[in-house]
């Protein structure tokens, strides 16, 4: 089924630092962007706590979403110019799918909440499910705008995002190991952090991309550009997304929300200060409307309120977050170092900390790339390259550097603890000097 | 008087998208950045409502402040390398002033509040006074860190920011028509918005800058680079800072805060939903501690709370702000068009709007550059160029393009009104069709 | 008359550092680029002697020509998308003119010779006439490729370049005060030199550009972007193209060629070493085929040959050029300083130099922008802005900064002389010490 | 032994597109740059024939050489600031070595000739030996300038370039697997070609670099930045330096020079047209002075002369080179495809071509990285990383992606042949149709 939406007589543009201009060619796209659910994305940061390491990375999910739209639009233009379908089912590009894929690109992250990971973990929300719910719910402005195209249009858009749409070409443009989503966020996050690692060659990749039956692929001649993209992604994970300091802020945030939730229901130390918009999440009984009211600023506002709470743990953690005092960490080996971690935890307890809120184990792992492994659940769509004889070949078979990181999760395990134990105030005299010395020695052993 | 602060054995760096790296060479600088008052700047956006026109401009004052520090540091290095003072009073650079000027650069914007202009206007605060108060107050972490250098150090830093310090070289590095502050924000705002206008040649300007008795100056050979900076600044004001759409959001914000303040004290429609951190400002009785708790997120959180308020004007304005529905505007001539503006206002009233909250006159004017005009209050420090015969000459005397914009304020006056009057819902049948037609006609006349 | 040329099934691209990719969509364009006359442009530097000041500027006219093509192509796409002609003569864009304007863009600089200005001056050639001759001559590959489209096609392409084509839209895209040619060279020369001055906002300008009857214009809303372009151009002239050092190399080159020409015909000191490809130019009897054999490398090869010539002036000047020893210069005022220049020249003569070859007056002036002045010969096509009431207004009427530089030629007059007179070897004892002291004093007086 | 050279009172700068500014802080450095041997580098292209694929890459070795100097200078500054030697032999940085290492950096490529590889192969020259000879020969300006510092200074500079200097720190700054030379050319070639692959994070690498006893190393914390550099280098080789089209021009050049050399000595078809500067190389009896007269322009000038030669092979190859008609190629497997290559060669012979000049086998292989392998000749200096326990670890032991490309040469073997055999003129009727069809079929088989 094909959907139709009229084009603007003259296109409109938004200035964008990554793509120079975002080109808007349909009134529908403008209308979606103007919905309150979409505007809310301006109040949700794109990279969570990364800005506490890379101070430039203060950008929101709004820019990313219009960026994914723009990349999808450029792919459509390229496919239409160079691979136009001649007849149904020839595996080439049918441009009547354009408006569908553009809407899916624009809306794929609509359901993100504040500080995604920590929030989702503590309150058991799921941004992908919420994205779909927002598109399908008749209450939302986004749904109403989409439904004006056709009553079945919202469902079609959602099915692309859910990867259930029968046309895998459309699905893979938005979700695969090399899709419009990933390409935008790598470039965007690299730009805002100021690092170079994410700067692969977008225009070359778009040029060698081609539609195929049931998916997308790349010309073999562009293999090194694709390889470079995979490596850029790998580098961004290693150097930016998994940075130990950002994770130290993430841990703090996690413990702070966990403590607030604990306090909320607790008769002996109730929350005195308002956190009204969070209340439905403390009780677990929340609606889409409740969810839409949350954003990064709401959470940090309540943290400011909580500075005055009686519960010393809550107000201390809130203060640490607001003043950016991340937990410090050390990497460890899960097999060899368990004893040392146990002892470190024990010392922290003896020093008077509640280890539920003042220590954490944090593992960050990513699978930079994988090929299709039959029989496995949660399989990846592998990256395929078109040879000049018309056959497709999987990327890791031709790229040794990609092969080297294929199928292996990368990352580390870290133990988090309060910074002041490692670096106590210079003049502080302490009854705990021996404990602290032992602590410091253990950390030093782990660091080597 | 010279102050001393030890340097780090190995410098530390922050990655910055504008300056690549911010180089930290003193523990003192690190300690200031780690203060809670300084970390709070991460929650205050640098360009207020500009992000509603240029979606990339979501950066905070934190990055700007460390950027100004970095430019000041580079100037010190340049002066120390090329213009070292040989004896007191020779007008060259005495590097013993370095730590003082670096701290002033870093702290010059410390007192900024949320959405600066609208907030300051409604609640009569002043960020410059607050900056100084935060530096001088013994309660703040920043003061305590500074005072560790020397009891008089906070006062010295404040005097640079207040422009009362006797050494005008130091003052002009931070505050003049071409200072570290302006150079950073032009480059930074250009980078984040994605426009090119602000991208003057920083490294060339830093190279031609030189210290002189009672100030700074530039080699005449660098005149065109300085000229280019002045024009960049002019372009950024014209094209970014004064953008009518951003001002339409600013107007909205202003009216929203005004209404909330009005409601707060009002017996008949009190605020039901919490805005506890704003309360001291509604009553006008606030402390520095109260001020430090405010940030952009706190305000927008209360706007979300206010969506539920009974007062329809308050909840409507809050909704418009959160969904980015700025007032629409038309430029007008204060002398010729007053009748038309009066009539437009009258129509809006007749359509049922409270014109106190649904219309506004907004003037944005900037004086791009001026020379020194004896006898005038609030004089500018003019930009001086050093000729090869040792004489200084004022910029506009040698640059005709600068001369063309010297001493003339640039900008416009705009009349703001609800967008829906100009573009009513297509199918809406209205009793007011005639009024709306007249309104549209008047707007069209003003647009030409 | 409209010409037709088939499009490629899949477009080809060249990687370009300015435009990222040059998109080739017609076999014809590829065929032109592959002609030997076009490939020859790789051996002619774009900015003549600028590379002796800005060492990065070593790019050839080849890249510029494909860049002008690419900008013209983007303008066609923009016009086709947003301003398609509905019926003949409506002043909108008729895309059947595309191939014509693309060829003219690509070929507009085909006739450039080595080190343009100096060569043209000494040998009285004219690159514009030669461009047209190369397109029209049946001997050239370029002509043959063009003529395959239609026998009248070469003439049509030439008429665009000569500005005689009846459709002024097409002419102005290639030649006006804001055309594809100028936009490319400003961006390209800025990129290769590494300065920022030429970096105006190309994509914004292309967006606000529109076709009109008999020309092109810009939306008034884009006035500041156009203003910024005019200023960028002005800055590039002041800071790069008119740089005194580059002109000092230009003067050297001019004198060297002048001397070689003098020697060639001269019985008493003939050229002993080969300069066979230059011979037709020494005698003034040259063909297009002779011209096509010249390039920058040919000239510098002969300069190397001439190092061995008996004529001491010729070999000395050749050595100075090859080792980059430009003449030194001082700016002077034509009205006030004539006496001093005369005396300087006299001293140089007394020091034993032939002032025909060791001094020069060099004036570099540019008219950054002008409006149409009826009655003047060589009038400029003024830049027009479209107001919202449909009327056009000339740029300098709305931009005060442009107004400030309108109609006024900018530049300076400089007197060139051998560097060693100003900075003699430190230990050289000289009979001429008094003359040299007087010389230095005069230079110092002129510098102030 | 330490050498001393005075610093300039005020530093001078050159504008550079890669490093923004090249900072000159010693008169000596200026004097070297002004030598005629150094200025000659402006006439030798940095990347040989790459510009025939990436038209932007027209930069010369001059810019690269000052760029290597600038990187070396920044490393010295970093080492001096952060790792100053306290006492002889502590493995830290002794800044008295600065001037030595700066001169070596600046001069390391002084001996390059025109179109390096082809020229060196045909005429058996070696640019490294010539670099050293130019520094040591008392005839050169460079030698004379260096010797003014101290009679032993030229030898010391040469020994760094020859890697025989006892201080391996200095040697490795200029020549190792991650040195100032490679870092500059990767960035510079990426900039001029317009590709992104070479853009690693220079400033981060410079920050994590540290001096050690007998060499340089990197902090383990910077491992990913170093890894990224190695991958950038690998990508530049795969995508730029080994591009089949550039190699097709290289093959052409090689055959052209080979034929000219053959003709020169040959009584039956002597060279009629001048190539006087090449004569000493044809006979094999050349001096440094002869070598210094050669550059890219000299060669291409003689190619233009040779267009008129009687020898049809020579004039045809010269024409192909000047009009950029590279040989076409196909990759092949040395073990499996020898039969096919033999048959292709045979066909070309039967078609009437002299296969000595119209076919070629070309292998381009690079070893992207290797660790130290005891017992092997021509060993690499491995990249070492400093762990926090003070031990060093070799890069490929901690980076799996580097490990994947360690010790394995990358590249391919290609067979080159005249393009017109694969793509004959469309309308050409030929007696050789069967041969051509067989040829095309074989090529197709090899392509898969």
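Worth a mention:
Labels A, B, C and D are assigned to the chains in the order they are written; within every chain, residues are numbered from 1.
The rule is short, and it goes like this: contacts are C-beta pairs under 8 Å (C-beta built on N, C-alpha and C of every residue); 3 or more make two chains touch, one makes a residue touch a chain.
Just so we're clear, the structure is a prediction, and the values are computed from it rather than from any experiment.
Distance from chain B peaks, on a Cα-centroid basis, for D.
For the interfaces B-D and A-D, the C-beta contact count is higher for A-D. Between chain A and chain B the centroid-to-centroid distance comes to 32 Å (mean Cα coordinates, whole Å). Taking the mean of the C-alpha atoms as each chain's centre, chain B and chain D sit 50 Å apart. The geometric centre of chain A is 42 Å away from that of chain D, both derived from CA atoms.
Annotation for chain D: residues touching 2 or more other chains are 20, 195. On the chain D side of its complex with chain B, the touching residues are 9-11, 13, 20-21, 81-82, 203, 207.
Note for the complex: chain C touches chain B at residues 195-197, 199-201, 204, 224-225, 227-228, 231, 234-235, 238-239, 387-389, 400-401, 403-405, 408, 447-448.
Put simply, chain D touches chain C in their complex at residues 14-18, 20, 34-36, 39-40, 42-43, 51, 54-56, 58-60, 62-63, 66, 191-195, 273-274, 276-277, 293, 295-298, 300-302, 304-305, 307, 319, 322-325.
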